[in-house]
Amino acid sequence: MATRSRKKKRGARGTPASATAPGLSAPKMERVHFHAIAYDEQNFEERSFESVEQALAFCDASRTTWLNVDGVHDAEVIARIARFFDIHPLTQEDILHTAQRPKKEDFQHYLYIVLQMLRYQPEGGGVDSEQISLIVTPKTLISFEESPGDAFAPVLERMRKTPSRVRAQGCDYLAYALLDTVVDNYFIILENIGADIDALEEEIMESPNANVHHRIHDLKRQVMSLRKMIWPLREMIAGLSKQDSPLISTTTALFLRDVYDHTIQVIDSVEAYRDLLAGLLDLYLSNVSYRMNEVMKVLTLIATIFIPITFVVGLYGMNFKYMPELEWRWGYAFVWGVMLVMVAGLIGYFKKKHWL
Amino acid sequence: MATRSRKKKRGARGTPASATAPGLSAPKMERVHFHAIAYDEQNFEERSFESVEQALAFCDASRTTWLNVDGVHDAEVIARIARFFDIHPLTQEDILHTAQRPKKEDFQHYLYIVLQMLRYQPEGGGVDSEQISLIVTPKTLISFEESPGDAFAPVLERMRKTPSRVRAQGCDYLAYALLDTVVDNYFIILENIGADIDALEEEIMESPNANVHHRIHDLKRQVMSLRKMIWPLREMIAGLSKQDSPLISTTTALFLRDVYDHTIQVIDSVEAYRDLLAGLLDLYLSNVSYRMNEVMKVLTLIATIFIPITFVVGLYGMNFKYMPELEWRWGYAFVWGVMLVMVAGLIGYFKKKHWL
Amino acid sequence: MATRSRKKKRGARGTPASATAPGLSAPKMERVHFHAIAYDEQNFEERSFESVEQALAFCDASRTTWLNVDGVHDAEVIARIARFFDIHPLTQEDILHTAQRPKKEDFQHYLYIVLQMLRYQPEGGGVDSEQISLIVTPKTLISFEESPGDAFAPVLERMRKTPSRVRAQGCDYLAYALLDTVVDNYFIILENIGADIDALEEEIMESPNANVHHRIHDLKRQVMSLRKMIWPLREMIAGLSKQDSPLISTTTALFLRDVYDHTIQVIDSVEAYRDLLAGLLDLYLSNVSYRMNEVMKVLTLIATIFIPITFVVGLYGMNFKYMPELEWRWGYAFVWGVMLVMVAGLIGYFKKKHWL
Amino acid sequence: MATRSRKKKRGARGTPASATAPGLSAPKMERVHFHAIAYDEQNFEERSFESVEQALAFCDASRTTWLNVDGVHDAEVIARIARFFDIHPLTQEDILHTAQRPKKEDFQHYLYIVLQMLRYQPEGGGVDSEQISLIVTPKTLISFEESPGDAFAPVLERMRKTPSRVRAQGCDYLAYALLDTVVDNYFIILENIGADIDALEEEIMESPNANVHHRIHDLKRQVMSLRKMIWPLREMIAGLSKQDSPLISTTTALFLRDVYDHTIQVIDSVEAYRDLLAGLLDLYLSNVSYRMNEVMKVLTLIATIFIPITFVVGLYGMNFKYMPELEWRWGYAFVWGVMLVMVAGLIGYFKKKHWL
Amino acid sequence: MATRSRKKKRGARGTPASATAPGLSAPKMERVHFHAIAYDEQNFEERSFESVEQALAFCDASRTTWLNVDGVHDAEVIARIARFFDIHPLTQEDILHTAQRPKKEDFQHYLYIVLQMLRYQPEGGGVDSEQISLIVTPKTLISFEESPGDAFAPVLERMRKTPSRVRAQGCDYLAYALLDTVVDNYFIILENIGADIDALEEEIMESPNANVHHRIHDLKRQVMSLRKMIWPLREMIAGLSKQDSPLISTTTALFLRDVYDHTIQVIDSVEAYRDLLAGLLDLYLSNVSYRMNEVMKVLTLIATIFIPITFVVGLYGMNFKYMPELEWRWGYAFVWGVMLVMVAGLIGYFKKKHWL
């Protein structure tokens, strides 16, 4: 069995800045798994394969088929599938190199869609990213995942039940359903970020500490990497929904417009979060400085009041032989009087200036 | 009767950041109410129903009808209406899920318009948002509100009077009248924000306090959420006024251009408020820091003047056996002289530097 | 006679933020005045009327006429004129509600132009804004001003002289001449703002004070409201000069392109002022903080030098019975020596660090 | 002879903010000079005139002619030339009013080009700006300069030599050569600004002083006014190179594309300088504050160490009758011990906190 | 042999701001080298020449040829090649002047492509830039490098092996392969910048020092110069891939779209780095100020506690003859009591305010 060793591109501290060049993905699993479904409104046949030849034999052109491939590290397997479906070498490379920007490419006889699935790791391990490649041919949809997982489980569930809208349509609609599942996951990430922002805001109002800035910085990085992902996704889905390919039916295009609306909503939220985080940083810095000012003001006032009277007591601590005041009967009381007048004068001055 | 339990999406502290995914609205009322009006220039028939079947029976195709539905939590009712008017499943979903971005969708035989009604709560409870869905068919306008309310009362009032411009036109003009009512409410929100900004500005000039930044932050969030709402609204009304649908007459398109001008005015104000709030924040921070500096300067000057003379008095407080000055006849007077010279020198220096 | 009671929308403190919704203008004068001119290259007839009927009777279609209406508070009068020239109800509303965004609207048989005239008040009362509406029909130009004034006096002067370019052309050219007059006034406002900015810059260099920030803030608001006015104006004049209406002749379009160039120059200056004001604010804040730092540095150095030696003199002010130094013959001189070494050491350290 | 009295629009302190309205240029010279050249590949005739009639008589339509006019203050002269070549009144006004935004205007039978020549003054007098107007007719190029100068000397030099590419082409190519000369001068300005920025950066790293901010501010203004000039220039040359006028040949259009590339390079540099200056300002402010912090830290540490021990020595300076410590044999040594422990403790604490 | 003396345009401190005008490159090598390859799928002939005539003789039109020219300082050589292939004078100038903005120009019978090769210097000498010019004719590709180097070694390697995709295609595909090599080098630069940013971030979190800001500033300059390079590159490759020239085959256009995707990825990263660096600067400044505040707070608290009690001990150091407290039996203990109460009160106050 394949061991589950997903990469964590975006950890608790956001994306590491250096991961930019599209590199060949490390082998995430030992063997490639195939899961194939042949379906129409009445029939539904579901099979698992370990061999690419068996999987391809299952995909005959007479029925609508969904072939899900778990694992993209084996260039041989990809090449075999590519020969079968006549896939361009550039598409093969894009499937193999897993840091693609979301895009779609129309090669007349098939449509290539690549995007990134983002999911929160349940055990608090930050956000997990996985590249999803879809190849839409007239009768077969091939989906590639980096590792076996339950990414498309909700779609599969809906297909297994008999009166199913997915099964009543072609594989372009199935591609829509998968895209919709991916975009739905973005909302979950957004909700988590939103909750973090709300928590931060509350914390800033109550007790700002140095850690807050680092957390704002991390949230910013998360929002930035989401933004980098969602803008090309929107563009890609807009292209698909404009029905520039005969592989997308009018009905599916209508549903793609709905996914498009969702990506716009994601973008709206992402942009709003950017503004909010900038505002929070201002708020934090201003609160920190306000608190510092409060502390300084107290020192300032205490020092300003005591400095002159400390001089006075120093004055009469001098050891001159001839200091007439020292001999006075009420000298001590007189000094107290002088000092009280000084303090009262200063306090009055501060009150007038509204510093107290 | 339905209890009035509107959600308050945007409270005194602005929109909570986490409310992003379009969720199914909580049931806001127990039953759905229907209010139907059949009208033309001469006739006007107004009826209320509690049952969807009765309401639909009232909408026959021979006369212009406005069917207002209060309550969108009952999917069954929406589905029943959808079957009657042949409404697409995606439209039904959009009506049910109340956090839609303003948009219009043209399904040939009907036009779907969704937008958010914003209203100030009279009891000072912040801004209240309610999703309004409009379905424009050739003879019937169906409007969906989340809860019963008097949102469209002004339009209704105008329709009840006999020489009425609304009644002289088709239901596309009625849709315009409703849109106009919604946009007019935005101006009221804007006026409130504007008044808050003016009040804040005055306060900053007179007595800046830590609370000011939080209030600026809240106003920013309000402006941001208004902005998120108004830009797609503008786009949508622009689309409507370009008359790309046969359901919109030339006359109505002209009036829609007027609403479009209003949305542009709202956008102008919103953008101006953004700039103003940024400027206010700068002004506040600069005022706070100016006041702090004033306090610090006083401390600095007092300390700088007293520190040297305090040293002098400390000097002659020493208990050395052999300190010639202590024995002098005019030693004490001499020390006073030295100190006065020092103070005068420092004050002169500060005056020269324009620090006093 | 009507009393002159112009509103001052933009006072010394800039536009109040709350004036956003287009409201019905308060009656600015008791009665509406009419000034009509019928002209061609040879003839020139100028008349004043107090009654709308007389004024309309003067405008016969056989000659080019300019009808100037002073006062827009009387809806009855506007409606009467509208009936005569077949003006759309929306245009009537726009004339009555005086806070319109600059725009033009083409109603086939007439062209509606609305814009804001800005003028500096001579007695130092800030900027005064007045809505100007122009209706261009094939033979008649109707202009509406909010109050009687000499806004268009320069054009009138030029028309009264016999070899006059204005009189040689139709009323589209007259409309151009009026637009040109309005835009020319913007340059005067700009010059005043520019002079204020130059004065502020000088003041910041010499003696920054708290007031500076408030004045920068006010200038920003003025620039912002100018900006809000000039961008739609530019768009409107661009539209006119593209000759999309048969009411604008080729000759006039060429001259409108010249006004268009002027609006671009206004925009260039407005944008430059925005940048300049942002730069001035930075300069001011940096200067304030630089001066504060200078003050603090002097305190710091004086305090740092005196604190250790004050400790020393305190040390020998102690009253212990057994303090050998106190008995020494040269104890006092020794202490002075120690203190001089300390001071020299600290001054040397500061010099090395370039703090002195 | 005319005295040379060029205006200095952009002095050492950048453009004064108030010079915005296009005003009539002050007479810069007493008389207008004319320099005319009739040329083709073989022939080259060069003449100077003092009278406009003579100059115009020289320009016959049978040969390619370049008429250079030094001085634009005499409206009579401009009008005479305009009558001869049938120039539109708006063009005449633009030639006379010297603060035009760079633009080109196509009047079918001639092309009007206006732009600003910027040159560094050799004696360190900042940047000097002069308006250049070009009128391109099929056989004659007329160029207007504000004052006599050697602006176009390099082009003249190249034309005087016999195998000359300029002379082999029509006067559209000559116009290109003049434009190229103007744009080349922008690079010199850029290099000067670049050198100033490099010098500033070095100074900031070594010894930031208050003057730095003013110099950054001045450079910003220079960059801003360059930017205001170059963007419309780019647009204008783009228009020319798109060959929308029959007066521009295909060959010349190719060369204009080269000038266009140069304006893009100027824009790239200008935008880069804007960013650099913003970055320098940040760097300067951060350096100033870092140095201030260094100073403050030393005070803080010295004060924090001496304040407690100064209290201790004050304590034993009290004159109470019954203070047992004062009588102790080792009291004085004990106090020294206490103070050393305090100092060691504080220094240890600071070390632990990495403040030392 | 030519000595290797590459210029280092972008050193450790980023691009010097002054290098803006496209200057004639200094001679980087003594003689120009030629490397020519004639190839098709079966045959491969590789030759080196020292003379331009020999090199040109090798390029006959009957086979696909790649002529690589090392050294662009010899205008004579360029002119000779230009005569042979009929290259426009402007192209010759662009090859000679090495600071061109990336661009492509279509001269019908050939395509001119110019771009900058960026490479990290192995010995830590910053980034090295070299201008690459490509001339694509139907049968020959000419490439110009500033100095001999192994820039295109990977492509050459692939061509030498027999089953080679490059050799199966025309010289448009070869041009693609060279472009791809150049863009791949950008990713290496990006990775280095990314690693620097990550290192800086870690350092800021742990021990911010004054040097950090300078390093952020340098990275900003590097990112800025990369940005200046990559945007026009993207535009250029977009133009090529849109197949607007018959010299680019459909197959190659598809591969160019892949390079285009890579440039978009570079742009995404560059823009992300800009944001990251801005965020890092904020983080650094906030950390520095936080640490300063910590130091100040300790001083403030210590000073605030000791100032009042130091006054008290000064008070009883006065030498008045009549000070009753001094005679008290428990006077000394009483003073200690007073001081302890004062200290406890202040500490309590600070605790209440959460300053401790």
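So that you can tell them apart, the chains are marked A, B, C, D and E in the order they are listed, and the count of residues begins at 1 in each.
What we mean here is this: a contact is a pair of C-beta atoms (placed from the backbone, for glycine too) under 8 Å apart; a residue touches a chain by one contact, two chains touch by 3 or more.
All values derive from a computational prediction rather than experimental measurement.
Q: Shortest hop count from chain A to chain D along touching chains?
A: Steps on the shortest route: 2.
Q: Is the contact between copies chain B and chain C built from the same residues on both sides or from different ones, judged by whether over half of the numbers are shared?
A: different
Q: Compute the distance, rounded to whole Å, between the mean C-alpha positions of chain A and chain E.
A: Distance between chain centres: 26 Å.
Q: Centroid of chain C to centroid of chain E, CA atoms only: how many Å?
A: That pair's centroid distance is 43 Å.
Q: Would you please write down the residue numbers of chain D that are in contact with two or more other chains?
A: Residue numbers touching two or more other chains: 289, 296, 303, 307, 310, 314, 317-319, 323.
Q: Work through the pairs of chains, note which ones touch, and then classify the graph as line, ring, star, complete or other.
A: Drawn as a graph, the chains make one closed cycle, so a ring.
Q: Of all residues in chain A, which touch chain E in the complex?
A: Touch residues, chain A against chain E: 16-22, 88, 90, 93, 101, 103, 105, 207, 210, 213-214, 217, 220-221, 224-225, 228, 232, 281, 285, 288-289, 292, 294-296, 298-299, 302-303, 306-307, 309-310, 313-314, 316-319, 323, 325-332, 335.
Q: Could you list, by residue number, the parts of chain D that touch chain E in their complex?
A: It comes out as residues 187-188, 190-191, 194-195, 197-198, 201, 205, 254-255, 257-258, 261-262, 264-265, 268-269, 272-273, 275-276, 279, 282-283, 286-287, 289-290, 293, 296-297, 300, 303-304, 307-308, 310-311, 314-315, 317-323, 353-355.
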